[in-house]
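Below: one structure, written as structure tokens.
Chain IDs A, B, C, D, E and F follow the sequence of writing; residue 1 opens each chain.
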Amino acid sequence: MLETLLSPVVLFFVLGAVAALLRSDLAIPEAIGKGISLYLMVAIGLKGGVEVSEAGFTFDLMIAAVAGITLSFLIPVPVFLVLRSVGRLNPVNAAAVSAHYGSVSVVTFVTGLEILTRQQIPAAGYMVAVLALMETPAIISGLLLAQRFGVTGTRPARELMHETLTNGSVMLLVGSFVIGLLVGKSGFASIAPVFEGAFRGVLCLFLLDMGLVAAKRLKDGRSLTPRLIALALAIALTNGTLGVLLGSVLGLDTGTAAALGILAGSASYIAVPAAMRLALPQADPGLYLGMSLAVTFPFNILIGIPIYVWLAQWVVR
Amino acid sequence: MLETLLSPVVLFFVLGAVAALLRSDLAIPEAIGKGISLYLMVAIGLKGGVEVSEAGFTFDLMIAAVAGITLSFLIPVPVFLVLRSVGRLNPVNAAAVSAHYGSVSVVTFVTGLEILTRQQIPAAGYMVAVLALMETPAIISGLLLAQRFGVTGTRPARELMHETLTNGSVMLLVGSFVIGLLVGKSGFASIAPVFEGAFRGVLCLFLLDMGLVAAKRLKDGRSLTPRLIALALAIALTNGTLGVLLGSVLGLDTGTAAALGILAGSASYIAVPAAMRLALPQADPGLYLGMSLAVTFPFNILIGIPIYVWLAQWVVR
Amino acid sequence: MLETLLSPVVLFFVLGAVAALLRSDLAIPEAIGKGISLYLMVAIGLKGGVEVSEAGFTFDLMIAAVAGITLSFLIPVPVFLVLRSVGRLNPVNAAAVSAHYGSVSVVTFVTGLEILTRQQIPAAGYMVAVLALMETPAIISGLLLAQRFGVTGTRPARELMHETLTNGSVMLLVGSFVIGLLVGKSGFASIAPVFEGAFRGVLCLFLLDMGLVAAKRLKDGRSLTPRLIALALAIALTNGTLGVLLGSVLGLDTGTAAALGILAGSASYIAVPAAMRLALPQADPGLYLGMSLAVTFPFNILIGIPIYVWLAQWVVR
Amino acid sequence: MNLQGAERTRIEVLVDAPLVPELVSLLEKHGILGHTVMPTLSGQGASGRWSDDLITSAEHKVTLLSVAEPARAEGFLDDLRPLLDSYGMVVMISAVNVLRPDKFS
Amino acid sequence: MNLQGAERTRIEVLVDAPLVPELVSLLEKHGILGHTVMPTLSGQGASGRWSDDLITSAEHKVTLLSVAEPARAEGFLDDLRPLLDSYGMVVMISAVNVLRPDKFS
Amino acid sequence: MNLQGAERTRIEVLVDAPLVPELVSLLEKHGILGHTVMPTLSGQGASGRWSDDLITSAEHKVTLLSVAEPARAEGFLDDLRPLLDSYGMVVMISAVNVLRPDKFS
């Protein structure tokens, strides 16, 4: 675990967090942060596509895809119930937060892949497809939960469906994955210096930014109570463990099962907040962004990922 | 041609266009798009300069330069007449649009170079200088045409001349070309990872952005009629064919003749619109940007370039 | 010296300056310029840290550190006196300007390192740490000088201290240096393509931007008189010479003594102006930015650095 | 002071970026076909401080400016009122004079 | 309401970025030596929707703000009128109070 | 014109970015707890032209907007006056109507 903490990627996250906690004026311009996050999605999509173009569509791929979609759909239900009872949230806030935990965080996933590669137990390339598939089902679950409790969203279901499926990050991930599939290893070679060679370095800069943003949000403490912070940790850990165990039961290899755990344990802070702000404007964005971005995200980067990886090594024979 | 369509660069253009047509919220921050376009101009300028520093100033270079300048000066005249008669545009709009078609598109040129290199018929390095030389003469033609038809620009000729010659993209192209000439192959080596190694990958990201922008503009359909769309296609095809034939007659090699065709067939959407907005504010920007950016640009990327290349292979013995 | 001027890095600076002097509309988006400057600080910090992790904490390092801090503290005093008497500035402006000359310019330093490397007399890696250490003491000196002359800053000393030490560029340099130390050469390998391979190319783009900004400011000529311009040159040259001589006396090697001269001769235009705007709002930013950014910076890039390097080669036996 | 032009109502709404299309639809429903969106950097209100980090755009705030014929502005504002609390908007209304008043009907 | 400061005319012009230097010259011609330019993100009007893509700056819109002495503002606006249609500008005029009124002559 | 909502004082201050926290403290001292900061691109005044290059943020200007209860605004402006010259600020004051007036006390 110390080894994980000494990866440059994680150290830059810590540097960003420390700068924010010391109230430094260090700040990455918005456009740069946004640009890097688009780059990361293209790079990860391409990489997954190229890998699947090599390995072909396997049975494992299908299993993992079904598992991912199922997790994304179902995780919001218990999370919602816990947030209502233990977290004392009203239905609309509980529904909004639960959708975040069913969905996934691209950067947590990417950091996890880095750490798996460093430990020489790489995850299968098709997990990028699983990542893309897991982004949206949770949004539907969350809205159905809100509806069951009498909260009607402001937007017709069809429109919302369209917005969710054409969400920028989903389109970019899926599109790049398809391009990777089409061009294969040979076509990828000429653009590899940018999308493969530069990947880790750029990821460092992005995690610096994420460290700043997450810590600043934690410090401002908008809407976060100790009770909710504890829940944000417990939910991540439970979902992550669930993901690893499911992966192991389904016969995925160590790295791939760990990746499924990382996906299950992570919470969205790009696609889902945007959808929720639109679909459930009554819900408090300070609450759902606080839990996913300021608590669960740093937890996963620093502690969660090492735990899920260790667990996968232990349970996958 | 299918091979062309399967180049990553073109596929990212298609991805951007698809995202925009599906009304995705995918968007590249302005600053990033602008930054990448500056990078591309520096990279292409340097590359051209280094190549000319190797090959020396040849007779071919001079021939191509004169051909390019002539094309840029003369193309606006027939285009203007067609836009007036077939396109039914008023003089000021016809003049503004014709200047765009006499000038050139850097990204179309760069994408063409990529495809020529993939097909192992590279264009001569000096074509970058020709590109820079072709940017501005068409602006003068366009304004002279407007003047002949009683439209007086708002700005004194001298000021306009200065603004056109010191236009950011012209200065960057020419400046980088000169730097490439001065430092030569050995001086370039230390900066090659950025300006050569990363070139194709960055171009992918830029074409993703161009796809988004072009398709969004086509969808909004400002000022574009079917008749004008047809003209935007026909003018590009005619000019491109003309360029290739001229290159062939002048004895340029296959790749270089194709590049001259690509330049002639392309239409400006950076330098010329900025100049026209200033010099002929009465002209409709929705019209000239619609034709050059939303119709001619995608046409050239997807269909025009392969045609010009194929034509060059056929006519250059 | 001609050789220095023909380095791509310096040529791009000249291109930017020429574009600005010709009143070109060439402009690098703010966010890109800011992003690149953050990148450069991370890259230089990492590089220094990795080198020190290889070489260990040596006696030379400590000597250079003490020398650097001392220079940063003391340089403002004579500079203040000269600005008062020869420059005829009022106390608050003289104090603000003097703080800039005690502190350092990261980009001047980086450009100097490039040139030293090209001439095969590289500076020691620990000079990055010295760079970071020299950023802030001058701010304190400047404020003490202002205070002695009856100018009370608007901010309590403790707050100001905190702001200066947690200044973004200081934190980034120090943080990246520490990360470089922790991960060492092996951990750095995976991110080297971004932070080492791309370094020179990105530096070219940044100096293009700096050329634009510096020349535009010189042209606008806000608050700059010929007398102040002459002083800005003389102060830089004197401090630079002082730095080289001190380095030589202390037994540093040629490249390292030259680097100390470059640091001493350079003037801050990022950290110190921000601090002064806050601490001495009565001081004229047009004045201190004009002298440091529009005069001293270009002077050092084009003339100062070659002189300090040549001097170091001459005095260090 | 006597200003040139014709008087119209200037409506400025500080609102989270994802909600802008909703408000534009509402404007159009009342026949107000022109608007401009402008950026913001940071702010502070009852619900705390924020600054644009753009990792997520869910809380990214923008200003929607629309100059409208007074009667239509009234109608729009009436429809806007019930949304104010859940959308967390700040609404400013003032009089402004415009040239070419026919453009702002 | 009784506001501090002295009354001046506030002129806001929404205009394509390349045309700003023209307007600044026009301001200066009328002795109005101060202005500030502010960014915009997107908009909609009679000539359709736009949003800043900055591939080309020809249609990139900005807001030019100038606070001026009323008589000078009148003169400027009179000269501006004939350009309104071809330049496609939106002009807003209102009264504003300023501190240090001598700065806004 | 008869506008909806309750009248408040709208204060806009054009100021160098590093000084914003100072002004926010001053606002808070007078019980004005809401504000929004907006970007600018370039400008011109008595001290010359500037445009954002952001190599250094020392002269980077922003607009600080705050809508406040008139009496509190008065107090804030009184405290602001002595800083005007050294800080080089431009201050605009106008009346504006707001919905949910309790938010702008």
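As a convention for this text, a contact is a pair of C-beta atoms (placed from the backbone, for glycine too) under 8 Å apart; a residue touches a chain by one contact, two chains touch by 3 or more.
Heads up on the chains, UniProt names are A, B, C = Sodium-dependent bicarbonate transport family permease; D, E, F = Nitrogen regulatory protein P-II.
It should be emphasised that the depicted structure is a prediction, and the values quoted were computed from it without experimental measurement.
Chains that touch both chain D and chain F are the following: E. Ranked by how far their CA centres sit from the centre of chain B, the chains are topped by F.
Judged by shared residue numbers over all numbers used at their interface, chain E and chain F contact each other through mostly different positions, with under half in common. Set against the Cα centre of chain C, the chain with the most distant centre is D.
Taking B-E and A-C together, the chain pair joined by more C-beta contacts is A-C. Our note on geometry: chain C versus chain D, Cα centroid distance of 45 Å, whole angstroms. Chain A and chain F have Cα centroids separated by 39 Å. We define each chain's centre as the mean of its Cα atoms; on that basis chain A and chain D are separated by 34 Å. Shown for chain D are the residues in touch with two or more other chains, namely 38-39, 94-95. In chain C, 29-32, 34, 193, 197-198, 274 are the positions where the chain touches two or more neighbouring chains simultaneously.
A complete list of chain pairs in contact reads A-B, A-C, A-D, B-C, B-E, C-F, D-E, D-F, E-F. Those residues of chain A that touch chain B in the shared complex are 29-32, 34-35, 38-39, 42, 162-163, 166-168, 171-172, 175-176, 179, 182-183, 187-188, 190-195, 197-198, 274. Put simply, chain A touches chain C in their complex at residues 6-8, 11-12, 15, 18-19, 22-32, 193, 197-198, 200-202, 204-205, 208.
On the side of chain E, the complex with chain D involves touching residues 7, 9, 14, 38-46, 61, 63, 70, 74, 77, 80-81, 84-85, 90-95.
Those residues of chain E that touch chain F in the complex are listed here as 1, 3-5, 10, 24, 33-39, 62, 67, 94-100, 103. For chain D in complex with chain A, the residues that touch the partner chain are 16, 18-19, 22, 47-49, 51-59, 83, 86-87.
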